Structures are given as structure tokens and as C-alpha cells.
Amino acid sequence: MAKIISNREIAPDTYLMAVQGKYSGKMGQFYMLRSWRFYPLLSRPISIHDINDDSISFLYRVAGEGTVLLSQLKTGDELHLEGPFGNGFPELKGKVAIVGGGIGAAPLYYAAKALGSSSEVENLDIYLGFREEPLRLEAFEALANKVRVQLGGNVTELVNPNSYDYIITCGPEAMMEALYKKSVGSSAKVYVSIERHMACGIGACLVCTCETKSGNKKVCKDGPVFLGEEVYHG
Amino acid sequence: MAKIISNREIAPDTYLMAVQGKYSGKMGQFYMLRSWRFYPLLSRPISIHDINDDSISFLYRVAGEGTVLLSQLKTGDELHLEGPFGNGFPELKGKVAIVGGGIGAAPLYYAAKALGSSSEVENLDIYLGFREEPLRLEAFEALANKVRVQLGGNVTELVNPNSYDYIITCGPEAMMEALYKKSVGSSAKVYVSIERHMACGIGACLVCTCETKSGNKKVCKDGPVFLGEEVYHG
Amino acid sequence: MANLKVQFGSITMKNPLVMASGTFGFGKEYGQLYDIERLGGIATKGLTLEKRSGNTGMRIWETPSGILNSVGLENPGVEAFIKEELPYLNNLNVVKLVNIGGKTLQDYVDAIAMVSKEKADMIELNISCPNVKEGGMAFGITADSTRRIVRAARNATQLPLVVKLSPNAEDIVKAAVVCQEEGADGITLINTVKAMAIDIDKRKSIFDNMYAGLSGPAIKPIALRMVHEVCKNVSIPVMGVGGITTWKDVVEFIMVGATCVQIGTANFIKSTIPLDILEGLEAYMVQEGINSLEEIRGII
Amino acid sequence: MANLKVQFGSITMKNPLVMASGTFGFGKEYGQLYDIERLGGIATKGLTLEKRSGNTGMRIWETPSGILNSVGLENPGVEAFIKEELPYLNNLNVVKLVNIGGKTLQDYVDAIAMVSKEKADMIELNISCPNVKEGGMAFGITADSTRRIVRAARNATQLPLVVKLSPNAEDIVKAAVVCQEEGADGITLINTVKAMAIDIDKRKSIFDNMYAGLSGPAIKPIALRMVHEVCKNVSIPVMGVGGITTWKDVVEFIMVGATCVQIGTANFIKSTIPLDILEGLEAYMVQEGINSLEEIRGII
């Protein structure tokens, strides 16, 4: 059991929660969270938003029963978390763009931090789309020279794939697919972070399948990060 | 939904909870409480401990899942309660003793308050037995001249049924039965407050049966208060 | 405005919410808490020809998202019901289902005949109570015994006859088809699922009667599946029941083909839960532009 | 000190906790999280003769105190299993149950024969998977088909044979008796209960395969009842499974007669839950002065 340091509503129905302890994890990996005992039954997969020496943080949107319970946690309350799980984003080099949509920004902060401090990365641009209100904008701006935000409309329109070697993206499926399609034939390889309902979170139960060009993959273990061409084939 | 005014642990695993609002209820009646949505499924029957102009209070012991959840409520949190249900203790006159065992003291405070202020009651004595620590002793002492407390051992031994016209009691079954047996042939009529697991709380589902001399009774509606001779026959 | 009216065979109900047998007494108690004429219908506590005092020992046990009950058909008997309870019900503008159980075929027939002389809207034939050793559910297990009892009941009454089936039946679809073949006007399903709980300290079953009936949200996914299977295989209307707690649950049962639904265990969560459900259902229909539940019934 | 050892027919297990098929993969993943040699046994994901890619669409849905799954027996096929997964398992000091499903009788027989040439402790014959249209559960519904498949499986292997029965069977006791008659060494029950969930926005079943299998605490009271019924009617040992989440649940299953138990869905609550259960079980035995689970087995 870990202790909550803080759990603040930073935008409507969106919480930033810091949890005490020394945690490991690569960008794009996730933890399985629960602050309840047996009900609801399953833990909730939430991406690493940030890790510091003595804390880990999560950025999440209240979607249903489980995230409502998470949102009610107060400083000092207890949380059970297991992880880090999943493959995470690969180490990249050259010119990199990060493209987030809505709560999809959650894992991208930790990714931006890692990529921004990598000597292999020549240039890092961040594109974030939100319906109404930007999330953690100042924090992102501290990590890259160019952070462009789109409120309403389509963030993918801002991105020119030919300016990049790699694009990593997390957000609504439609956005990620559009971005991948746009990148076809460009210089950029696109990595997408996929969501599926999960049970075990570690690759043992086969409920989180993503059909890819190379067959069924487990999002919790083989993913959540896949090459766009693997997922949006055919 | 009602709001919690306070919810304090006044003895190990025993809480006194005050709830905002104007509530009605006779001594010995109870409310069905829940501070959760659907899990656990059933509401918990808890006796009226006290009612004031703008609040109702409950004294409860943490027994399992439901009372654990109640015990976690903080000032301002919400509680759903329905009631008052049950018959409650009858109006009495003459010399009356109140005998409580453990958390059985819960409904007896409100009863002592009502009986103590009744012009029909000539004399009111209170006997309370506790395993280790007395509950609400000062509050009880403000209501009657004679309040005797037994820690460990058997509170019924302190009571002489022939000194009373009526005895009302709430506590472990064994205690109540012993008290009733002791009263047989004495001047005192004994009223006992019975516990059963409940579902509807209002007499519609027939799960809270108490077999009495005059057949099956519903503890939630015909009770929880019964004449000792009705329950401890045969 | 959304019209919640439903047509269950020859019976019109103002909305699809029927209170499930055994969870609503004979209406009086809930009637003191809210305006129960807002309900579509009420199924009475299960009645038998003779008065029954029900099972001894513990009768209720809470399980994860469910309850086990072992009431064992405690009831005043049909005669006392007609004298003492029916008048109250008959004063209400709701559809009244008289739920009938029994030990023997003859008991059933006699009880049904007695009720049929009175003013009641439907007979709900309970051949699915898992809490009585001598009968009830036994009739609901095989298709043959189902046929025998439904035939006898059909001959005993002119009232609309709804058969309440057991999830413990060998083949729920076959049982439903048999009901239709024998002239039943509708089917209610499901009753409680035969189940068990243990007192590990006493090293005994919680229940004197060993097994008990599981109800509540825990069984909703099972009930929904059975209602879907049955609706695909019969043309008579079905009342869906099992764990319904929210308006969404109601929509689900209607979508798999139920004509109306019954609310049982949920009444214990909050006495006025049927009103919350009605409100949610109406809001849903308005939002989705649904004028009649007919439009979504059985679309899955 | 409490001795958790149990004897399941000819097989000795260091404790009664077996991980249920389909919830524990082939052991590797959980093996990275804790010392899985502390477990009594592991049942593999259900295997079929040929590789299967399983069902399309949503495969998991949360319900009140339960989950519905529609994995549809995705598995690498027996051959790949033997090559790629069995060696890891065989390095572990736990009892290994190889769970086998299939479309046709011949598929079953061939798969069992292949496994039987390898080092494995038991075959768990899965005739109860509700998630595959072509077979699996169909075998577990009637006593006749159960007999046919168990007989064929029995002839195909010298390994201890445990038959995993379906709660959807017409008559669970009869099915168990048939297994015993046909020479099965034990019985596992229950598999998931056939059930359903609806997406009311899409107006469709959540699952491409329409129905799915319900597991978890919601079904525990049903599983417990079935295990009790079966244990009273057969003399071969039974593995109890269905919703087991705490050490108390284990005690309950043992008290109704199970020789050992399987933990399925609870693994998803907390990966190390089996260790919590073991700890609780041991503390309970010490406190109650129970030296062997034999002392409380089947006392209800």
C-alpha cells in the first residue's frame, strides 16, 4: 500500500495524483491502480505521468466507477498499485514529435521529459489537442522549445510528418489513426499507445487483444505502444 | 442524502455519529443506513441513539464491512438513511429499569431520555454492562439518579426485578434471556430488543423472522421490541 | 413526451416496472413510503393453498453484490390473502400479479381456482422457488414436469397466466417453449439461483434448509442471457427479472426482448428505487428520441 | 505447525491452491512477480490441438462483483505449448494441470495423446467453455455427451484425468457421476456461467460472440452449492472453483467437500493474492488447532 501525497482536480474531471514511494518505469508504461478492496473487481490501468526520486504521479480523467473512487482519495489515503507494466515507448533519436489528444497527454509528459533530456534526440516538438482546456501546459512548455496547442478541432493538422524521424502519439483512436495515415510515405515512423480493457495487466489472461499485422498482440504486455503500421493496417 | 455533522471514535471500534436534519422517531426504533451506492448490497439497521431539533445520532460498533464504511465518514460526507422503522419501546409508567449490555446501550440512551422525562415514570434506574470500557457513561448519568455499571462479568446480577414494574433491555441474547428468566414470577414485565439480519426493514420481505409464542413475527416491523415472555418461551 | 406504456399480452401497464414477488409483500408497506400507483404492476408474495410459516433459522445472507434468501414461502394462504390483502391491492391502479406456489399439482390448481374467482389481473405461476423442499422448483426443472403443471394451471383459470421459470431448469429455452405450447400468456424469468453460504465457525450451512436462492446484481448477467435466449425462441411476452437496479438495466432487458421487467432485490437498496428508475428511463427515451419501448424491444 | 498438504487422488500437492485455467497463462508472467513455487498447482490456459486466435471484439467486461470474459480459447496449440511453454512449467515444483479443450472428439483425443507423452501431472478436460461456438461446452451439457467425451479421453491417456464441468450442465450431479463411472480421477467445477452484457448505446451485445462467461465473487454462492451437491454424490476428489478470493472462501469450499480449490479471477484483484490466502489459511488452521484440512473436509 502506498500513500497519497496529493490528488488535485487540475481541470474539470481531470486529476493529478502524486503517490509516495520510489517507483521505476519507462515512458509509456503503466501501473494497475486500485484504492478499494474487492469492488469494483478490476484494477484500473493508468499511465506513468511522471516519476521523481520519491514519488510517482498519475494524470487521469474521471470516466466511471473506478476513477470516481480514485478522485475521492485524499492526502494520506492508501492506494494499491502494481507495475510498471507494458513495453513503453522505445528510445528514439533524431527529430521527434509528441502528439497528444485530451487525456492522452498523460503518458506524454514523462515521455517528453525522457526524450527532452536524451542526447540522441536532436529536436523535440510537442503538439497537444484539447477540447476546451489544456492540461499541464506549463509543465510541457518547460520541456520543449516548441509546444503547440489546439483547442477544439484537429491537432493532427498542425503536424507535418516530414519534419520528423519519429512521432509518438496517445489520444483518441481516430486521432492516432489519422496521424498515422497522414504519416504514410513521410519520413516519420509513428508509435501509438493503444487502450484496451484489462484484467491481469501482465499478459496472462488474453483479454486485452489488439489485432495487428503480425497477429494478436496483448496490449498490456506487447503494448501499449505499437508501430502505427502494425495496428492501422488494412 | 443527509450530511454528517461528526463521527467520532468514542471507544475502541465504537463510533458516535451525528447527522444533520430534522428526524422523527420513538425510543427503540431504528433507521436503515448506507453511505455507499450498491456495494455492499443491504443497508444496515442502526438504532436511534438520540434525536435533537436538528440532528439525529447513532452509536455503533464496527462489526464488518458496512460499519467499517460508516466509520470512515467525515464531517460533511453524505449518508442515506430511511426510517424510523420498528415498533420501539412502549410508553411505560411506575418503576422502570433500563439494562444494557455492550453496544446494546445504543438505543437505551434515547429511551432513558424519554422515560426520564415522562411524568408517568416514578423512578428510573440504569444498569449497564461492558466488557472493558463504559460507553457514554456521563451522558447516561445525566439522565437518571442511579446508573450502575458492571465491567466484565454479568450486569444482570445487579438487577433485582422485584424492584421494578418494567425492565427494558438491549444487549447480547444470552444477557437478555438471563434477565427475562430472572424476572419470571417477579413484579417486572421485561421488554427486549431483538436483532436480526434485515433486507427491506419495513415488513415486506419476511427475512427477519423471530419465532414467538404467538407465531412468526417480523423484527423490523412487529419488533425489534418484544415482551420477554413472547420470545423466550419454551 | 416519452410514453412508458407497455402491452403485456392482453394487459396494458402504464410502465414496464413490476415489483417482484416476495420483495414487495402485498404492497402495503411500500405504499406507506411512496405513491406505489406510479408502478406498472405488483407481484404478490408467493401464496400457497394453505398458510405456511416458512423456513426456520437464518433467512438472509449478504454475498458479493447479491443476497441469498431462504424465506421458504411463508404466507398466509390464499384464503386469508383474499380476505385481508387483496382488497388493498384492488384499490390500487396497478396491475396485480398473484404469485402462486405449491407442493402438489392439486394444491396449485385449487389455489389458482380460488384466486380466479376474485378480481386479479394475472396469475404468476411460481414453479421455481428453490427454498422449499417439497415442491415449487421441482416442477420447473424438467420440461415434462413443466408441461404437466402449466397444463393443469391453464385449465384452472381464465385469467392471464404467466409462468415464472427457474434458472435451475435443465433447459430454460425448452421450458419456455413448453409454457407457450400449453397456452401460457407470458413468462417471468428468472427466479433466484440455487446457491449456498457457509458459517465457517459453526461449520454448517448458514441456512437450515442447506441451499438458498441468490438474487441481486450478481446474477444480472445470467438473467439477461436467459431472457435473451428465451425471447428468441417464444412469441409470448416475457417479464425480465434478476438484479435490475438502474434504468440502464431496464433498457438492457428490453433490448434483449423483455416486454416488461421486475424489480426485486433492488427495493432493499433504496425503497424508492423504482421511482429513480422510472425517471432515468423517461430521460433516456427523451434523449434518444424513443417514443415507445417497442422501438428498442428485442433489437439484440 | 499447520500442514497444508493435500492428496488429490494419486497426486500430492503442497497446498490446496491451484491457479485456474485461463487466468494464469502458462505461469511465466506471474512467475516474474512472485515465487509461484509456493502454489499447489497451476492449470494451463486451455489448449486445443490446433492454434486458435480466439474471439474478435471485446473480451472482458466488468459486472457487479464479477467479470464476463470472451477469450474464446486463444492458444498456441498443443505442439507449440509443448515446445515453448511446458519446459518452463516443468522446471517448477508445482503440480501441472494441462487444460484441454476442443471442437471434435477426435481433436480432444489427439491433443490429450500428445500431452500424455510429455511430463505433465494431470489432464484437465475442459468440456465447459461457454465462449466457443463449435464445441467445448456443448460436450458438458448433457449426461450422454459428457459420457462420450470422458470415455474417449480416458482411453487416450494414462495421466490422471480431471474433468472440468460446466455450471450450465443440465444436471451437474449426473454429469459428475458419469465422470466417475467413466474412470475420471477427479472433477473440477465450476467453469464460468453463460451470461451476457449489453452496450445500450450501440444497441448490441458487448461481445461479438453474443454470450460470455461469468466468473468472480458474484458466482461463488452458486459454485459452492454445486461443489456441495457433487461432493455428496461422488467419491472421486473435487477441485472447487468459482469466485474464491479470501482464505475464508477456501475454507468454505473445503468444508463442503472440495479436496483442493482453484483461484481464477481473484488473481486479477492482486497478483499475489494466493500468498495472502495461504497465509490466512495457515493462521486459521493454527488458531483452530487443525492439523490437516482432512479434518474439516466435507463436514457440511
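Just so it is clear, A, B, C and D label the chains in written order, and each chain counts residues from 1 on its own.
Criterion: a contact is a pair of C-beta atoms (placed from the backbone, for glycine too) under 8 Å apart; a residue touches a chain by one contact, two chains touch by 3 or more.
All figures in this text were calculated on a predicted structure; none of them were measured in a lab.
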Pair of chains ranked first by number of touching C-beta pairs: C-D
Per Cα centroids, the chain farthest from chain C: A
Option in A-C, A-D or B-D whose residue-number contact pairs overlap B-C by over half: A-D
Chain A-chain B separation of Cα centroids, rounded to whole Å: 54
Geometric centre distance via CA averages, chain D-chain C, whole Å: 34
Length of the line joining the C-alpha centres of chain A and chain D, rounded to whole Å: 36
Centroid spacing, where centroids are CA-atom means, of chain A and chain C in whole angstrom: 48
Shared interface positions of chain C, touching two or more other chains: 64-66, 216-217
Shared-contact residues (touching 2 or more other chains) in chain B: 38-39
Residues of chain C touching chain D in the complex: 63-66, 68, 170-171, 193-198, 200, 203-205, 210-211, 214, 216-222, 224-225, 228, 243, 248, 251-252, 255-256, 296, 299-300
Complex interface listing, chain D residues touching chain B: 64-65
Interface residues, chain B side, partner chain D - complex: 38-39
Chain B-touching residues of chain C, taken from the complex the two chains share: 22-25, 29-30, 32-33, 45, 53-54, 56, 58-62, 64-67, 69, 71, 74, 216-217, 245, 265, 267-271
Chain C contact footprint on chain B (complex, rising order): 34, 38-43, 80, 82, 197-209, 211, 215-216, 221
